[in-house]
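Paired with subunit B in one complex and with subunit C in the other, subunit A is shared by the two complexes that follow.
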Partner chain A sequence: MKKYILRSLICLCATVVVFGTGLVPAASSASSLVVAVDTPPRMMNPQGDDSDAGLSYMANFFDGLLQRKGPEGKLAPALAVRWEHPDKLSWKFYLRKGVKFSNGNPFTAADVKFTFERLSNPEVSEFLNTGKTIASIKIIGDYTVVIKTKVPIPWFANNMHQIFIMDKESTESRKPGDVMTRPIGTGAYKLVEWVKGSYIRMTANENYWEGAPSIKNIEVRPIKEPSTRFAALVSGQADIVTGVPVALYAKIKSNPKLQVISRPARRCIFLALGNKTGAPWADLRVRKAMYMAINEKEIIQKIMRGHASPSSQVPDPPTIGYNPDIHRLAYDPAMAKKLLKEAGYAKGFDITLTGPNDRYVQDAQIAEAVARYLAKVGIRVKLDVKPKAIFFPEVTGGKLDFYLIGWFDGTFDMGRTYFKIAHTRDHAHGYGGLNGAAYSNAELDRALEATADIINPEKRRQALMKLNKMAMVDQIVWIPLHYQEDLYAMQKGKGIHFTPRPDRWMVYKEISR
Partner chain B sequence: MATYIAKRLIQGLVVLLGVSMICFIIFRYMGDPVLTMAGKYATFQEREEVRRALGLDKPTYVQYARFIWNAAHGNFGKSYISRVPALGLILERFPATFELATTATLLAFLMGVGLGVLVALKPRAWQNRLIMAGSLGGISMPTFLIGILLIMIFAVYAGVLPPFGRGQTVTIGFWRTGLLTVDGWKHLIMPAVTLATFQLAVLLRLTRAGMREVLTEDYIKTAWAKGLPPLKVIFKHALRNVLIPVVTVAGLQFGEVIAYSIVTETIFQWPGMGNLILTSIFESDQPVVVTYIMLAAFMIISINTIVDILYAILNPKIRYA
Partner chain C sequence: MRERRIKSKLLSSFLHDPSAMLGSVIVALFIFAAVAAPWITPQNPYDLKAVSLEHFLTPPIWMKGGQTPYVLGTDDQGRGIYSTIVYGCRTSIIVGFGVVLLAGSFGVTMGLLAGYYGGWLDIVVMRCADTLFSFSTTLMAFLLMGVLKQRGIVTVILAICLADWVRYARTMRGSVLEVKEAAYIMAAKATGARDWRLLLRHLLPNAIPPVMVVVAVDLGVAIMLEATLSFLGVGVPMTQPSLGMMIAIGKNYIYAGMWWMIVFPGLALVMLVVGINLFADWLREELNPKLERR
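Here is the complex of A and B:
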């Protein structure tokens, strides 16, 4: 009896093995694509994660009222065919007709209202800030929505590519856990299966309003370990990988089967410096000296291995407020020493440089280099690098003196950024929430507040450019370092057409083969 | 016996309480989940609102008491990061870790004992000296290095084994298994070897030491003198007596392998609990980490208790009073 059971068990196993091998997918074919990315999705709730890594997944299952297209991230219609801005507080969106959610429900203005109301619920949303600024949402007919904000928000429409519209009926009727794991949207792809820690499989939405996407089946494999991601590409198990570490760049470049794609990233890495009264670094001459003591060219060459470009300001060129007339102060340690002497700090001073060690490309190494450059002009830097989970709470705490951080604004509007990181910390208005060194400059604050209700795009650009110049040239609010570069790699000669986006999102309807 | 088991259970509960308390205290210094959950552009007030919604504005002891109360009712809280129940999130990953740990332990046990016996028989032969030197390497080489070396050799250069993941899986009820497909086995080889190396080396050295001692005993000499076949002498008479401590160590290590496969799982992107836990630590996802640590403590305590009880059954001379 025992033997019989054993024998049948072996038979069963053998059958399953034979059956199972039949299921093994062949290497990706013409209508499919395997992509290894560096960050796994947290959930399938499009409002629950405001990071670009999370939005990158959601952009495939859902649509916003607007979308960002092309290498410059130009704002384009999506679920709204056009929009108007009748007065300082109102935004009017005309919605696309005939669009359906993946469960068959038609897309109407009620879904837009539902989505925007959901934004202010902390249980499900990380877009509280957007949600809380909305005063009212009015529906006119089935396909027109007027959103009124509490205060003028010039960049409101610029943010509409990040707010993905959910289906009111199915989101309300399903259990919260189901909403968190199964997306129902209007997007170019539908989720087939999400096995946590393994893969996300999606299939094309043949009825997509923009036309069915070229690649029918996508498999996304999140692999956090960079060397393993590299191995996945080299062994042919992935067609495209994101987040190629600079250390492996040369290796991939020399491999004839692979191709590397690099594009300037929007993120600027810079040093924030407080200005509390009495501190040596409140003196403009000292700020200038610290700026001039840092050899950015060498940082880019040696630490970033050439994969970065020097920056003279925080916003990147496509951002409203970027000013081409701002130039970096030249690297000049002799001049820096002179300036320090003039300011009365010939013998230098002590300062602590804080920074993350798991957030940006080579972040800890950059901080070390900065410390060494400053030491050469006599400034004694105590280095304090730590994991981002500990570093960022310190930034919001506002008690740091000098720290390394990176920034870019998803709305392409510098105004929002400056309110967050340059304005004096102000609990009543909610300004300066990430001004971690408590930098405070009344003149800058006034100039910034004055831009808040400039709606005319050209006037706004001019005002922000002026403000930017004042911050970077006259006041040296920050010491800018460089813009990062995003590195991707893919299989060569497989006919894959892929142009990376400025926001690092992987939007598969834009890829073809 | 009954009193002994009851005593062990009470001890276990005390340990679990202690472990969870330490977790809570440590988490005060491990980052602030509110920052992520309120969003990048949240104002001070919006952050405070999220803090209140999560109950994180209360003092630690209130939070802790509430956690224990809920845990006693089987509710370990929702993950801050995925916003679904933490326990479910962890248990979903359990099959992957269990299969990896079981394979690794079996591999370590069979190879370790086999090689240990081999080495003990002819300790001075050069091949055996080589094995012993290798085992020293197995103990001292860090897991991540072994993993990365294996990937480099077998996936990147030779291209014979897949570098990451579980491969094709089959779902039977709630259990997603990779053991029923050829692809699944291919994916399992490298992580299992990586995870097994340390244990293998330990078990090898343990077996060898025991065998060398036993082989010099009188009853073995008698067995040889009686003219018994060598296989019978070695395996039936000698190894059997050596095996008791070896099995104990292997059993105890099994719990540790399940709980601490974090490094191996991360390198091979193995979708198990260790992988989840590392991510959760980086994201300050307190509910998931605390639940996991309690689960791991629970597993290790249960395995220890079972081993203790088995001891009494295997060797009637041992009594627990």
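Here is the complex of A and C:
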């Protein structure tokens, strides 16, 4: 028996040593910053990872033709000084002169052409959808590019902040492995060292076209475990942490040395529900009943600790197509039971609710609460929550019935969103790729396709608002839950100026101290 | 005559070993709690209709804000910690005994056959065992859970068994090889006993004692393994109780000061496994022929 005690003591000591020394205090002086984030980078290839976590790193090493600035994410010039939309299919970009890549190569139209052609190469790009829509790229002189799309894409320019321009010469001449690990861009920062599983160090690009950034040295530490991230902040080893768990909000707030920053996020958390023929949930009354059975107010209060706001639709207010006239169906379990009875399911039915457990704020807990609300009106829910690495391929596979997911449109145009998540799955056209429950409604598809060539912003807004109402009120394509809130925490009184972005990217040129 | 003497010797040694008795009392208590769960808990925390968010994150009853009937407080979904622990022990014990039974019978059979027949059967079985043994059991079970798409107690038991049967097979084979040479086996063979009779009547009962030690130790190992898998999120589904899952949820709240969500399930798991190990320790000392006492 003594052996067991001894062994467990050794383990305990080892744990203390590992945790104690794992995070060596960093010297964070006036010109440097240590940030603990929730997700590590997958690679340093700006086209290879289209997740917001990956793009967040790339936005520091690279620039897009355009960028998004300010708390509202307004579209602004970056590597292009201005752009035109001469006809339905063409987009003309006038490029910035005198910009250099971090290896000294000058930035020209050839690099833009190279980058956009690279988008459709499945070996290096996750932006295949954008790549596939491009018909031709024409260079006029060294500093003008005309991109023609195959079909009208009204939101094309809105996407330009996340297509990062690569250097043609060095990307072609270097080995693929080198391109994946060493970024060469025009960005505000240059990579110094990337130690996988440990840290990413970057240093300011003194010749940055927008002016050298305020903080010279940045160290990013990806720490997946929220409580470990929190420990790094409390012990002063990190200046800013992202992804503060709601459970710790009150604790950080009561600490005089720390400050929590919350900002309403654009991401809407909702439940996608298929409508395959014969399924109980294809019946509109059943969809309504499921909607009305969920006590969203209680979810926000208890599970989100108040850090979310109820949503009645998937797009958030700044998105084109957001319709203020859509309201949530009231929480009314009695009515839900009545509707189920009317539809012939007084005894309920079985359904599986799938969802991630490591992607959104309190995702598994929300799914569990939803299962419980539905159980109370007689619907027997089997809960199947799993890591995002398993869950998302299932969404792309389109074989689910009912799942929890979050969404925000990086282009601020609901049309693009709906083509991806509401249009009938159509592999040939690239529609409905993320319509994981294979929802299909011919009427909605037609209405959506009709909006594709409306360019006039006001007309487009009207058309998309109408479409949105049709989806959310008439058909109940989804059951919306809430817009989540992003929570950050940082050291107080160290003179750090940090305003979170709507897209959760950490763009260090925007931070100063 | 001889058999009875051994039994009474075992019993008297058991009655003279306080730690073995303590261990078995603990285990008996847990088994009782697992069986009687619905009668000794105020709510079934995994009946979706019985739980409500209304009483979430309630501290234990003796602290400010504590509420009846949540003696040990509630978790972030409003489940009573005490009730969840009792139901969680049910899962632990089902998995523990399920693994011991399944992996045990398979492993013992394999060991028996490999030990008795030798030859290619022995080579195949033992090389399989060696291969499996070179991976850590936790890793093997983790990988198997990834391969088996379905989640549930049965899958957890299967995954642990597939990773775990080698312990039994090895021990059994070793023991069989020793017993095989005994005079009474030779005698039985000489009288023309059939193989199956030899295996079941003579070899199995005489070679099994060392395996009993493995059974006792493995019970604790299997329970820990289930908790580990559930803690890592690949064990039983969220809608089923498990001590490992409770600890996983609780760890998110340590820094928020809500210690009861992790401390109580942790204590329960430690008590259960220590109880089993106390008993197993005694059994090992008694049944190991190389450790001749007094």
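Following the convention adopted for this analysis, the second predicted complex is superposed on the first by the 487 of 513 C-alpha atoms of A that agree within 3 Å, B and C clash if a C-alpha of one lies under 4 Å from a C-alpha of the other, contacts with A are read in each partner's own complex, and residues count from 1 in each chain.
Following the convention adopted for this analysis, contacts are C-beta pairs under 8 Å (C-beta built on N, C-alpha and C of every residue); 3 or more make two chains touch, one makes a residue touch a chain.
On a predicted model such as this, the values are computed, not experimentally measured, just so you know.
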First, second, both or neither for A:181, with subunit B first and subunit C second: first
Going by the contact rule set out at the top, does A:117 touch subunit B (first), subunit C (second), both, or neither? neither
Output check: A:332 vs subunit B and subunit C. Expected answer is one of first, second, both, neither. What do you get? neither
Return first, second, both or neither, reflecting whether A:387 touches subunit B, subunit C, both chains, or no partner chain. both
Between subunit B and subunit C, whom does A:375 touch in the aligned arrangement: first, second, both, or neither? second
Where does A:232 make contact in the superposed view: on subunit B (first), on subunit C (second), on both, or on neither? first
Subunit C versus subunit B, contacts on subunit A by residue: B
Contacts on subunit A seen with subunit B and repeated with subunit C across the two complexes: 227, 231, 387
Touching residues of subunit A toward subunit B in the complex: what are they? 13, 16-17, 20-21, 23-25, 40, 42-43, 45, 48, 50-51, 122-130, 132, 176-177, 180-181, 195-199, 221-225, 227-228, 231-232, 234-237, 358, 387-390, 392-393, 396, 416, 420, 427, 429-431, 433-434
Hey, which residues of subunit C end up touching subunit A in the complex? 19, 48-49, 51-54, 56, 76-77, 151, 233, 237-239, 251-258, 274, 277-278, 281
Going by the contact rule set out above, which residues of subunit A touch subunit C in the complex? 1, 4, 226-227, 230-231, 245, 247-248, 250-251, 298-299, 302-303, 357, 364-365, 368-369, 371-372, 375-376, 381-387
Provide the residue numbers of subunit B that touch subunit A in the complex, in ascending order. 29-32, 35-47, 49-50, 53, 81-85, 89, 92-93, 96, 148, 151-152, 155-156, 159, 162-170, 176, 180-184, 266-272, 275-276, 279, 282-284
